[in-house]
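The two complexes that follow have chain A in common; it is paired with chain B in the first and with chain C in the second.
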Partner chain A sequence: MKVDAVNSKQVEQFLTFELASEVYGVEILKVQEIRGWEPVRVIPNTPSFIKGVLNLRGSVIPIVDLRERFSLEHTEYTPKTVVIVLCIKHRRNESFVMGIVADAVSDVLDIKIDEIKRAPNFGTQLDTRYMRGMHVYKQNMIMLLDVDKLLNPDEVDDIEAISDIGSFE
Partner chain B sequence: MKINMPITNNEVVMKSNTILVTRTDLKGVITFANDAFVDISGYSREELIGSSHNIVRHPEMPAAAFEDMWRTLKQNRPWQGMVKNRTKSGDFYWVNANAMPLFENNAVKGYLSVRLTPSRAEIDAANQLYRKINAKEATLHPTGLAAARKFLSEISLGKKLAIACTLLMLPNILLLRELLSSESYLLIGALGVSTLIAFWIMAHVTQSTRNFFVSAVHELFRLSVNEFSPPLNLTRNDQFGDLFRGIYVAGVKLGDDIAQAKQANSNSLRIIQGLKYAECSILITNANSEIIFVNQAAEQLFLRAEKDIQTAIPSFSVQKLLGSPIDIFHNVPALQKEALDKLQDSKTSQFDLAGHTMQLTVKPVFEVNRERIGYVAEWLDRTTEVKIEGEIEHLVRAIKQGDLGKRINLNDKNGFMKSLSTNINELTDVIENVFNDINHIIAKLAEGDLTNSIHSDYQGIYAQCKDNMNDAIVKISEFIIQIREAADFVNTSSQEMASGNNNLSNRVEQQAASLEETAASMQELSSTVVSNAENTKTATVVVKSAAEVAEKGGEVVKSAIAAMQAINESSNRIAEIIGVIDEIAFQTNLLALNASVEAARAGEQGRGFSVVATEVRNLAQRSATAAKQSNELIQNSVQEVRSGTAFVNETGAALMEIVDSIIHVGTIVGHITSASNEQSAGISQVNQAVSQMDDITQQNAALAEQAAAGSMAMSEQAAKMTHLLNFFKINGKSPAAFSAKAKLATSKPAANVQSAANSKVAVNASFDEWEEF
Partner chain C sequence: MSIDMSQFHQVFFEECFEGLEAMESGLLSLDIGDIDPEAINTIFRAAHSIKGGSGTFGFTVVAEYTHIMETLLDEMRDGRRQVTKQAVDVLLGSVDCLREMLTSIQNEEEVNAQSVAQHQAALETELNGSSSTPSAPAVSAAPPVAASVEEEEEEPEIEEEQGWKISFCPYLNLLRTGNDPVRLFRELSALGQLTANVNIQDIPNFNELDPEECNISWELVLVGDIAESAVREIFSWVEEDCELELSPLAKPKKKKKPKAAAPALIASPVVAETKDVASAAVVAPPPTTVVKKVPTEAEAAKNAPKASSSIRVDTDKIDTLINMVGEVVITQSMLGLIGENFTMDKVGQLKRGLAQLERHTRDLQQSVMNIRMLPISFVFSRFPRLVHDISTKLNKKITLKLVGENTEVDKAVVELINDPLVHLIRNSLDHGIEMPAERIAAGKPETGTIELKAYHRGGHIVIEIIDDGRGMDKSKLLAKAIEKGLVEESAIMTDKQILELIFMPGFSTAEQLSDISGRGVGMDVVRRNIQSLGGNIDIISELGKGSTIAIHLPLTLAILDGQSVAVGDETYIVPLVSIIESINITEKMLNKVAGKGETFKLRNEYLPIIRMREIFNVKSGAATKPNEGVIVVVEGQGALCGFLVDELLGQQQVVIKSLEANYRRVEGVSGATILGDGSVALILDVPGLVRLSVC
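Up next, the complex of A and B:
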């Protein structure tokens, strides 16, 4: 990748991954780590998109299945399935670590900010706040996600509570 | 003076205890006569009422007697005397007559005569007296000295007392005169006072006695006008009191009698009213058999029959019935006087009266002392009933004899008889309809017409009869239809059989010819079989060498399979190794990505590192791609080896089957050899059989001809039967239409026969088959 000629303020790096044969992107700076899929500890009585928690070098992080979060078709996990550990900020501007399950990681892309298309407005009825924008790359449309808004504030609270419990252990 | 003539010397003696009563007006005209008077007088009541009373006067009665009677009555005094009366026929009878005026409101309104039965002595005395009077030897009233004595003795009570007083006073007056002369004035005074007292008492007694008699007489006259409970002084202790009490008792008793008489009268009035309006017709006569009562029903009965009766008895009239003698129906034996006199109890008889059938029940009526006082006759006009009885009997006899056309005429009937007659007519109607229907149906049945049925509505046994009849006809119709169908079927079948048999006969002849050809063919077949046996021996040798070659092929296939197995195992191993490489590439890629992440986080300082990480990631991806391709190739080769192994296995199995088949062919060739030998033996047996078949075929030809002739005869019989059955006419199916239908029905089962018999093509085809055989 050639990044030298580009002003760093105008270029942002995105980690792209596949989900149900579509490509999504997250800001690389929000990514803490990328891991292969390994079984998680199931937490009962949680929303179905929360697969459970994972022990990440001593800290307990919640794992969210983005397929289920986005109401996509559910598939079995494969050896290609990865967990992308994200460090997100929620409303109190506190950082919070969680993992999302993706079908596969694709690439790291340098994207000019002015090449990011505004996400279409579907009205207030549809929750598209988690969309940061769209980017066209080699005829593919990559949906860039705003990971801070990936979850509702209430959900973040709930999930944070789970990870807090894990922290006490 | 009225002289009633003639007279006879026959005396009619009054029965004892009989009272003859008449009433007349002031002129002596009879206004009432009781039964006993009417009875003894010999006149009818109509003749008596309104006639002068002298209608019964006997000429031998002295006129002076009647003059005396009238004179007495005009003085409002009762008259009593013996009277000789004359009956209508001229006979005479004596009565003890009592005549008196009848008062009403203190005025005389008429006269009442009550006649009692006289004793024989009285009759004789009176007879003698009247004879003397008529001969002017005696008078009715005493004359001369006797008259003076009578006058004196009947001077009124006061006068008699006055005379007595005067006579008593004479000595006193003489004594007074002596005393005056002797001037003894005290004595004169005493005498005068006592005399005056005596006078006063005398006068008082006379006065009260006179008043008493006046009031007693007044009361007695009041009794005569039915005024009872006289206001009398009943407490007097003297003889006057006794008399008052006697009058009072007599008056009360009289009142009681009259009340009882009234009671009895109203009782009988009720009964008479009841009888009057009773349903049955009743006539009542008195002892003289005169009709004295006709009730309404009887009046109407005779009014209805009046015209008819008048043809037989012209004098008959319902108006005149009352008062007529009962033997006005002079031709009725039960009502003749002799028959009535003998009658002791009720007697019922039936007779014809001028075309009316009358039922008459006569019963005598007796007094308490068994004296006959009349008759009760109950009439019943049974003309209509008898007529209807006759009509019904006539009708029933006609029905018994099978004549159902007769009916009872309803025009002259009403009420119960009309409804009875209507019911009987309806009964006859029903029976007639039933028999007409059945008769019609059976007559049609006899003509073979089965299209009729009974449609009328009946009930009970008639309805059962109707249903059974209709069912029977339906059953017979069905039966005949079935017989017809059967007959038609037999007809067509026998015709087809006949043609079939003809065909059979022809074929059998052809069969005989064919059998000769068969015998020749058999000879040729025999030589062919011998050469077959030779060829099979050569075939056995060839088969054996082929089996050896095939077994060698089987060995080669087995070693090829083992080699394939080894290749397969090596391929699997390679695939595992490639999986490891792929795993390493994946992990490398992840590591490189993490490195990129770290580099990004390091910002400008990590940019070089980021480039390296990217290069590493590219390498990892390339090795992953290479591993993937290798894996695909190895998978393909494993697949190819597998299918090759399968082919080799199939080849091995095919070779084994070839070996088996060749061995099998060897055995079959052996069998063919032995079979050929048996065939040659069989063919000689076939030859023998063919000659037997030839004989049998000849016999078959003869039998087929006989069968054809039999079938033709059967066809003729069936046609006759169909013709006979056409005699029956069946509902909704003409015989022609039926016959067509029967043919249609039979065409299906006969199809096989027909196809052989009627179709030329089929015949040709069967000939071809025959020739082939």
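Up next, the complex of A and C:
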């Protein structure tokens, strides 16, 4: 992640959430709302991390399970499970509304842009393209996600293809 | 005070296209020889407002062109010129040309100068030539126009240091007429480099100052290669409210003295008593800053994205809507009141309230849907022109009858139905209606009739194209189909099936191809387009008497009638239009092909079974055997096939929601909808599913 010197003094707010006892963050400006988990309608023949679609006041939005997206162990959804509804920018200035399933929402943090550290390169082990960077807060590492890249509907297939190759080898 | 003009562009273009349509229909309805002055007036007014508008927005090409048309129309209006068929044709050509120009300007493309010049030349010949009566002042009206056009071409070559010195002294009432000098300057600065000097000596002292009066005058210097007419065009709206003097910049050898319309007078008619500069600041907009800002704005306007599509709605419809909303609000507050301290004896009241709410909601839904409804005349109005042009080209005599133009249909349908209709009408014109001689020989009136008819029937709109031409020869159709190998020679077909052969790809019965129709790429595309709108198309034809083509379309694309079916825990919606029937089958009717593909026998036909559970990977619930579930027989892509589902749930109208809006296209699913309990159900894309599993 290139850090722009001009912007280094700027502060951005991030919403942090827990996922399998790790902490992740998304830009708060992307967050539209946070709601409780409710059953979704399964869409046939889609990657397993797309749990299905939900009726959000009249518009139909897809719900992505980040645990499955990151190949983490699956847990049962409880009443504490939350869905963070995000507004994702797409390349043609279009925006999509999507929900991500998280174990719990933790906090809103002010993070200076120059305190965001570049995500290390894990080689082929881990794809860090969708990481905005990392931040250390009270000895905890927070992984900041670039949701535009992570949840881009066009890229969902590519990522799938990459993980297929991985498992094949 | 500066206004971003680009925000009005979309409206301007819409109005222009409407104006052009009015001109076109006016021109077509002109009865040669017997002129209705009102008809010409209508055409003239349309032309005039296009000219005015394009002048304001700085589309000088359009304005100049329209000006010539206007001159011609003006002479016709005054009776100085006869309305000839030739003149009408030239004017019709100009309408096309204008439409082209406006479209390219709208798309921010270069205007095709060649075609414009061609049409302009045709117009000018018409204007200068022949039919104007010699005694009339028509002749004098024409030359100035031609001259101003020429002038524009010459000037750039003559002038070395080009530009204009403009002295602009508005009268006191300029601002009251709604004109804003700043806007004029902005337009000017779009032409070239503009320097403005304001003259504030005429401003009265503060006590006497009327802020609505314009007490200032300007000396402007505009540098650049600019035609005088372009400069004048900008001032054309204020010409009567100011004194304007235009002179070329410096260079005494400049031979051309512009023929300034307004008498040259630099001194302002207002005599100032005091020169209170401080008070001047109150009225005088700071000219320098304004002028500087302009170029960037002009650029921004250039890069502005095209505005989204808009819709014109009858105010009545909006009034109804507001009325409905009012009713809903009243009902809601009534229910709120009941709920506040609810006792069991109020149940009846509550039920009544809910029933009322239900009714109002339904009405509200109806009126919102109504807003999207447009009269079909939006499509129909283009056809008189088409028929006029093509019948002239083919030397046929044809009248077009439009029936039910006010039938309303969804905007999306209106947009998509145009092309198929054009194709069908061309077909009728070209193949349907015979040549006049042939018609007389057949004992029919010389003039053929094509009737275009629209009406509502049971939630559908029906559009019929009826011609009294030669009709279709079924034996010829069949022979042709056999020759092309589209059907077996031994096939026994009903009349209807034979007629439907024309929808097969690669089928054309025209003996000779023409540029109007007959390449055999049409009818199958027409049918596919109509089917993609959820409609269907029928033909009735009788040899020697004519053909009727009827198109059935759903009234709206936003709502469909669906059958909800259950597969495991999932609910899917099958569009009712594609369902043929739903049946239970017995073990005996089942067959397996090569141990895998399942088929069942339905009235001597073997249809493949698609197990919804498998194709959609539904995991919940136990797998159903075909004889336990229900087979929904559907038609898609012209093939029948059976969907195996667990259970039929019910029929309902569903509102279509797009999956693509927030996700992407999913194979086999055409959209989603929201059920009564708030959960989402997927709508099946039947043709897609059939393709997915059968092909």
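Simple rule for what comes next: the second predicted complex is superposed on the first by the 138 of 169 C-alpha atoms of A that agree within 3 Å, B and C clash if a C-alpha of one lies under 4 Å from a C-alpha of the other, contacts with A are read in each partner's own complex, and residues count from 1 in each chain.
Rule of thumb we're sticking to: a residue touches a chain if its C-beta (ideal position, glycine included) is under 8 Å from a C-beta of that chain, and two chains touch if they have at least 3 such contacts.
Since this is a predicted model, take the numbers as computed values, not measurements.
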Superposed partners chain B and chain C on chain A - clash or fit: fit
Which of chain B and chain C A:S59 touches, first, second, both or neither: second
Three-chain overlay, closest Cα atoms of chain B and chain C, distance in Å: 20
On chain A, positions contacted by chain B and by chain C: none
Residue ranges of chain A touching chain C (in the complex, touch as defined): 39-46, 52-55, 58-62, 96-98, 153-154, 156
Chain C - residues contacting chain A, complex: 570-571, 615-618, 657-659, 661-664, 666-669, 672, 674, 678-682
Parts of chain B lying in touch with chain A, wherever the complex brings them together: 583, 586-587, 589-590, 593-594, 596-597, 600-601, 603-604, 607, 610-611, 614, 617
Sites on chain A touched by chain B in the complex: 1, 3-4, 8, 13, 15, 28-29, 31-36, 79-80, 82, 105, 107-108
